[in-house]
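A short write-up of the structure that comes next.
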Amino acid sequence: MARDPTRPYFAGTDRDRAAFEAGIKLGSLLHQFLGTPVTRKNAASLERAIEAAVRVQPLVQDVRVRIDRKRLRIRGPYRYGILTEDLLRVDVTVRVGASKAIAALRYVPELDYPLMYLKAIGRPTKD
Amino acid sequence: MARDPTRPYFAGTDRDRAAFEAGIKLGSLLHQFLGTPVTRKNAASLERAIEAAVRVQPLVQDVRVRIDRKRLRIRGPYRYGILTEDLLRVDVTVRVGASKAIAALRYVPELDYPLMYLKAIGRPTKD
Amino acid sequence: MARDPTRPYFAGTDRDRAAFEAGIKLGSLLHQFLGTPVTRKNAASLERAIEAAVRVQPLVQDVRVRIDRKRLRIRGPYRYGILTEDLLRVDVTVRVGASKAIAALRYVPELDYPLMYLKAIGRPTKD
Amino acid sequence: MARDPTRPYFAGTDRDRAAFEAGIKLGSLLHQFLGTPVTRKNAASLERAIEAAVRVQPLVQDVRVRIDRKRLRIRGPYRYGILTEDLLRVDVTVRVGASKAIAALRYVPELDYPLMYLKAIGRPTKD
């Protein structure tokens, strides 16, 4: 998109926006899909659907979603679980102009927290 | 499930519960997936993921989900849409003991409303 | 609503529909609000907002929502939690014609499961 | 939070993270609350609950949420609407170290799009 019509609305640089958009993608997907019923039977189809739903969004270059089967808690009389924030492992790459942000969502045991963080930010090395 | 341990908690008949559970399934899926980014590219993967997520839930015998591509509103500079309640066509069959409920979600033009309704309720004809 | 225009779409009795609508309300609210960030600071405002959002829906006569502060799990470096299905205690009353359904959502320790069930179904005693 | 234990996980500067966190907040709230039943009766309670749920999240300094009553589409036989992405007007301020990001969500008629954008990013002028 050579001339993005949303550009005039933005303060800051392409790098700022890359970081911002990466945050939008992670926050959106977490709160969209949290609570979805899940077992080993449908985990793969849910992973693919989440990835596909991220890919249709603006500026996304790449995305990978994994549901941690080992942490999946199957319970109750009907033996199913739901998607929780600790189960998701996500990596998303966003590009704005010449700037790229790679962000991740991971449950971090040391923090007991599903952390969203920037893994890399700045100009892509060479593409 | 010959002896369902949740049974003592329920007032009413198996038929009442079949209607109740059908309502749970439709309400849950609508509010779970509403807002998911969607285009013609990912509509099929989203349909399959919704169906699979319904199937892992209690007492579901059958489910069919369709996203109405013709009503899908692609818009904005980034050319994508989101899943709205008017786009979903769902049929779900729930069985409790000998009672079966078939429920549907359809956008009804005459009402300008995405209606959830019981299509059939009672004892299955012969299975 | 003396003549409900949705009536012709429904199979079954008013009682069937009361059970169905009660299920819709519980399923909807659970999957709508699951994942909302919550601490003791905002639990009351969230309870009120959920109740108010249920009350604007069809056929609802009464609703009560409580978030279990004792089960609320505050964690991580930022000391907040999210709304999980085990935290919600909900009672909702739906009326269709002369039939009333009272449904509940409770975490049941014996089942290790957040159960949605019908507490009462049928004709109201006298109102 | 003088020593944030999440810091070692982050690439980039405080400014990058401020932009990223602002994106998380907007993406999260949109996809959390989209689809909530709403009329003029419960719009104010929903606005307050969304604000309160954002405030308990990390690094948020300020947030303001408005639901556009004029764009609210009440419809169907039961005369209610749902929260759509075009109805929300949000401003959120996030601070990381000495860096501040102010982000907004607005429906922009020229773009026919609910745009999330950075209104300001960088060091706060003097506080």
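Chains: A, B, C and D, in written order; residue numbering restarts at 1 for each.
Convention: a residue touches a chain if its C-beta (ideal position, glycine included) is under 8 Å from a C-beta of that chain, and two chains touch if they have at least 3 such contacts.
Note that the coordinates shown come from a computational prediction; the quantities given were computed from them, not determined experimentally.
Q: Of the pairs given as C-D, A-D or B-D, which one copies B-C, with over half of its contacts the same by residue number?
A: A-D
Q: With touch defined as above, tell me whether chain A and chain D contact each other through largely the same residue numbers, more than half shared, or through different ones.
A: The interface of chain A with chain D is built from mostly shared positions.
Q: A-C or A-B: which has the larger count of contacting C-beta pairs?
A: It is A-B, judged by the count of C-beta pairs in contact.
Q: Centre to centre, by mean C-alpha position, how many angstrom separate chain A and chain C?
A: 30
Q: Calculate how many whole Å lie between the centre of chain A and the centre of chain D, each centre taken as the average of the chain's C-alpha atoms.
A: Once rounded, the distance between the two centres reads 18 Å.
Q: Round to the nearest whole Å and give the separation of the Cα centres of chain A and chain B.
A: 26
Q: Enumerate the residues of chain A that touch no fewer than two other chains.
A: 5-6, 28, 30-32, 35, 77-78, 111, 113
Q: Work through the pairs of chains, note which ones touch, and then classify the graph as line, ring, star, complete or other.
A: Complete.
Q: What does chain A use to touch chain B in their complex?
A: Against chain B, chain A makes touches at 1, 4-6, 28, 32-33, 35-39, 41-42, 45-46, 48-50, 52-58, 77-78, 80.
Q: In their complex, what parts of chain A are in touch with chain D?
A: It comes out as residues 5-6, 9-12, 15-17, 19-32, 101-103, 108, 110-111, 113, 115-122.
Q: Which bits of chain C are touching chain A when the two form their complex?
A: 30-31, 34-35, 75-78, 82, 84-85, 111-114
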